[in-house]
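Input: structures, listed below.
Two complexes come next, and they have one chain in common, chain A, joined by chain B in the first and chain C in the second.
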Partner chain A sequence: MANKQTSIMILDDEPIVGKRLKPSLEKKGYEVESFTSSKEALERIEERAFDIVVTDLKMEGMDGMQFLTLVKEKYPDTEVIVITGFATMATARESFNKGVFDFLAKPFKLGEIVEVIARAEAKKKKDGKA
Partner chain B sequence: MKILVMLDTGNYSRRIIKDVARLAKNTFADIIFLGVQENNKKPAKSLVNGLLKYQQDLYGFFPPEDLPYAEFTDRSWRETGPGKWLLTSRGMKEFSLHIRTGSVAREALALAAEVESDLIILGCSRKFGCEWDGEMNVPLRVARDAPCSVLVIKKVGKAKQIISILDQSVVSQDSLELVNQLVTLHDAGLKIVGVKEKKGKKDKIEKQMVELLKYYNELGIGAWIKLMNREEVQDYVTASSREGIVALWMGGRESLLKKLFSRSMVDKLLENTTSSLLILR
Partner chain C sequence: MSVIDRIRRLFSGKKKETIPFKILFAEFKKSLELNNQILDLIADANDKLSGDYIFGEQYIQQTCRQLADLVRQLIVTINHLTEQKYAALYISFHKIEEDIETLLQGRVLGQVKDYILPYSMISRALTDSVGGKNAHIAEIGNLLDHRIPDGFAITTEGFNLFLDENNIRDKILSIRRSWHQSEIPVDEASRRIQRAIKEAKVPAKLEMEILAAAEVLSRRHKDITPCFAVRSSALGEDEISSFAGQYLSRLNIPLQEIPQAYKEVLASLYSPEAMEYRLMMDFRPHEIMMAVACQLMIPAKASGVLYTYDPVRPENETMIVNSAWGLGEPIVAGEVPTDHFVLDRSPPYEVREVQIVHKTKTMVQRGCGGTGIDGVHEDQRRESSLTTEQLRELAEIGMRLEKYFKRPQDIEFAIDPQDRVVVLQSRQLRLQQTRAPRACDLHDLEEKYPVLIRGRGIAAMEGIAIGPAWVFSEERDLNDFPMGGILVACHATPQLARVIHKAVGFITDVGSTTGHLATVAREFRVPALFKTENATKVIADGEEITLDTECLTVYKGAVQELQYYAIQEEPIEEMYEYRLLRRVLKKIEPLNLTDPTAENFTPEGCRTYHDLTRFVHEKAVETIIDLNFYHAHHRDTQAGKLLWDFPLDLILIDVGGGIEGSHPNGVRPEQITSVPMRAILDGMSYPGIWDMAPAGVDFSSFMSSLTRTTSVRSTSPEDVGRNLAVVSAEYTNINFRLGYHFTVIDAFVSDNILDNHIYFRFSGGVTETIRRSRRTRLLAKILSHYDFLCELYGDIVIARLKRTNRKRMMKRLFLLGVLVGFTRQLDVEMVSEETIDIFFNKIRTIMEQEHGE
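Here is the complex of A and B:
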């Protein structure tokens, strides 16, 4: 049986983030959907689950913290990776308390987030949730 | 974020650990400490002990429950090439110590490229400007030639302002993000100073400033903006450096600042400013 493709949602209101990440992750065999609006991302979350969600924290409308809270409530097995351009100890702590897999401050190189995603994927596989 | 910290046994290196810890605590960055020795077939004991002490000092700034780095399982240095040694630990984030043999600036630049660091941090002695182990050349060469942004810490502690000097060169997303992190970290005000050529180019730089203002407005960050002629910049930078960290965008081949702050000017800036200096790329 073929391995199930790992699905990833990227949410960042900076379009450049999705533009950079989506093609690289797709090249690595991931199924990727990219959003710049938290409202649209939330609508999509209502429709389906993702294995991994990568979300920015500071966005217009619903902020990333609210978004990741909703994702974790609806899909506890989804691994959430937070990326932020305005990192503070408090937001990092709050993110981890909410069960995020990792916290990445911007700027970061593509290789760094790809490595974090690979670790999240490995964890899911190890836990038998992927 | 990946931060490369250049360290030696000087007091200026010891002093910056607190600032590095503050940045690491907020950003959960991967941290790389680099020590360079002149000539040795094995890691010099004084450098090893110095780096391990800095590591313990850094860890000590974290509440134990928030420490994202692990202790080393053993302290055997792995030889990664001639004159190169590595000690690494993986907690939630990676912490590694590198010892290299050779020229300090050259080894730092090479390692920054190898590990793809986002930022290089180094301190410098303020006794005669900005020296590293008695040499002005090290901070200057790293600031000038690094493949990523560089923070030269002259003044430790919180900054009231981040004064960013912008010309018509390309402003990278990475550099904006680094400025954002520093504004957040220091809870500082942000000043963006646009530099225009004597004739023309005003439209381009003004357009870029408006775009930046829009970018910061959308993020809810208040930014104070000023446009000035290139001949005013050097005095302005020297004067405003008293207020906080001076950030210079030095990227892009067409960068006016690159021309304006030639080798001798970066040298002067490092020598004359009292503040820390951030070179953005």
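Here is the complex of A and C:
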């Protein structure tokens, strides 16, 4: 189990986010699936668990908040990282209340999200051992 | 307003009710504030092109609208200040805003108005006008100096004219819509659109220009039969190789038939495959445009295709060449058997494998206007269609093109009657994706390869580069920079941009992501790592190195595991969002108005938001001086010109307690009671500051040329000095324009430490960029040393100091005075890097003598 790849789901209706993040994270050794439709992402969540989910908050069709609530209900151990172009204190607070690991405002640097993911991964490993 | 108008107004007796100065000054300060916000936002947006950020359309739209809003406010402000004198700015603004909105809607603005552009005038900057294929081939000829077929582009502007004159744009859109709504199948939609295009007429003026350009070509090449290749060069075609082969090329066309062939090529834009493909790629209707390439045919002895990688087994590190006798069409189409060669990807390009096939048929040119299939002469059937020398030359060309375009290349070539290699076309070669190494292969790189730099520096452009290091020093000639090298330099100075066409990477000790070199590196997608502190010390000249900016690492040697990434597509380039940001920034960032005395320094001359901002800043300062000094003085202010030993045209406006006593003939320095102003003037008048360094024979005239904006005799208020200080007992706001430098100082000094602040902004310069950059760095070094928080944007230095006690504030303002006093001559003096330290030490000596620090 020591060498198991950390799995990451990316959900953002702006396709550029997944397109940019996926290769970069894969290069760092993560297993990555990327979605632009919350419906498809949800179907995938029904099929399997991810260690980390990165999701936008505001999307067409489904509210990101709703999505992350469903993910957290189904897999409490999954760490959720929220990214959004419309960051307000209220949304930030609400997401933290829902147990979100961290919150990033768009546009963000590649390095920033990689760092947040690494922290989420470290936390999971620590929790796993504890 | 002319001078006569002004005089008339002065004597008309209808004296206008003056607006209280407080309000005017508030407007003025607002304009400065907006000015700074706009410039910061522009610098920020430009930074997003580095590839380091992830941003979507939302961000671009938000930024554009925010900028438009600020610029609009700025124009409102200057018109408040000037009683609507610059209403014409609104017109320029709306034009720019409209263009940006057009771009945001996904449309592409052609960069030129010409219908025809000869290859000698084309570079990649014109890709949106001439299409990728034209831009590529023209750059190969113009910049890389390879032999290409002579030709010209028929631009997207020509395409638009074709659609508009024939009135078929709406028709096409409506057929397309029917297909999108599944009312008709794609084949029918394609057939109907293609028919509409083929039945349309090439507009007379377009046809005339096409034929004239072709005529010029034939006259220039009398030695060959004037036959033409008419090829597609659609937008996005070469960026996305899946497009390849979807459009039509018509070969061997006689001059008179070019317009007909042009229509056929245009029609192929709507082949069913292309339509399906664009639907999948989410092309916006207005991105669907076709430029066309019109080239002189090469009567090829042999033709072929070179792949700079084996697309199926890239790990073999080999190149593939397929060739046969005669014209290339059947070879590219795979209709005839071809000779097959496998070569090493590295010099001396050993030929690893040769398969010579039995070639019986060849396509040849039949006079002009036709091709035919001939039998191959008995002797040649089993002969190699390429010589070993030609193979080597091809390999060299292939590697150069790959390094230049940063991607594996698929190159079509011909051997001309003089046995020379001619590049016909070069586009990205898509490799099988399976080769991407995963982290498990990459994690131990540092054990395998010595690390020269690790975790230091900032990425100005993301990417991986492999090549020999070329360490720059002042003694070296940039012309000697080798193709495919990585430039290592102390400073990221703009002059280095000269080697951008040859360099695969940049590494510097010092530099910022917002400087000119960073911008150019992004434009050309050359990975750049700045601010590594010691690159020039740890990297040896000539050694092979690997630069990975994402990991801020430089390895010794060529890291094979990363090679794949070095030439792999950089996904960011293929992102619509990236292209969009780049397009809108062209309407925002460039500064065309640099000289206030130039003819284009008018509202109409403003072509970007940056221009508008620059123009308003100049006029705001001018207006405040004008209103308060040369014209009716405000009741609530006093204004006077500073009487000083030094040639500084400074107008002081006192808004309360800043000047004492009366000053009918000007303000003497000792009359100034404004605390910050006094400190600044003390610094400026420090003995020796104004002539700290020898400045050549005619020092006084040199000085006055810098500080006076016009001769003393001139009386027109528009022409006189632009140096303004608004002062009160505790406050000073200075706007200096000394020669071409701008200095803004805004300072408040009181006993309340929380209210105290200094803002300092310095920009502009009259000398070559490298000295300017030294000066910028010197300023930053000094200011940081004395507690200021410094930011550098290109050659702008911004320094801030807050919450500091009165005594210390005074010392810092004295320092600013010293700096202002002599920086304007620094450019001229800063002849070498050593001067930075020399001047830095001089300043420290002064500060020690004066303030004991």
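By our rule, the second predicted complex is superposed on the first by the 126 of 130 C-alpha atoms of A that agree within 3 Å, B and C clash if a C-alpha of one lies under 4 Å from a C-alpha of the other, contacts with A are read in each partner's own complex, and residues count from 1 in each chain.
The rule is short, and it goes like this: contacts are C-beta pairs under 8 Å (C-beta built on N, C-alpha and C of every residue); 3 or more make two chains touch, one makes a residue touch a chain.
As the structure is a computational prediction, the values presented were derived from the model and not from experiment.
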| item | value |
| --- | --- |
| Partner chain(s) touched by A:F103 [first = chain B, second = chain C, both, neither] | first |
| Which of chain B and chain C A:G85 touches, first, second, both or neither | both |
| Chain B versus chain C as contact partner of A:K28, first or second or both or neither | second |
| Partner chain in contact with A:L70 - chain B first, chain C second, else both or neither | neither |
| First (chain B), second (chain C), both or neither touched by A:I113 | second |
| Touching partner for A:R93 - first (chain B), second (chain C), both, neither | first |
| Intersection of chain A interface sets (partners chain B, chain C) | 14, 16, 85, 106-109, 111 |
| Contact set on chain C toward chain A in their complex | 48, 52-59, 62, 436, 438-440, 442-443, 462, 550, 565, 571-572, 575-578 |
| Chain A residues within the chain C interface of the complex | 12, 14, 16-17, 19-21, 23-24, 26-30, 85, 106-111, 113 |
| Interface residues, chain A side, partner chain B - complex | 14, 16, 58, 60, 85-89, 92-93, 102-109, 111-112 |
| Sites on chain B touched by chain A in the complex | 1-2, 25-30, 66, 92, 116, 118, 173-178, 180-181, 184-185, 218-220 |
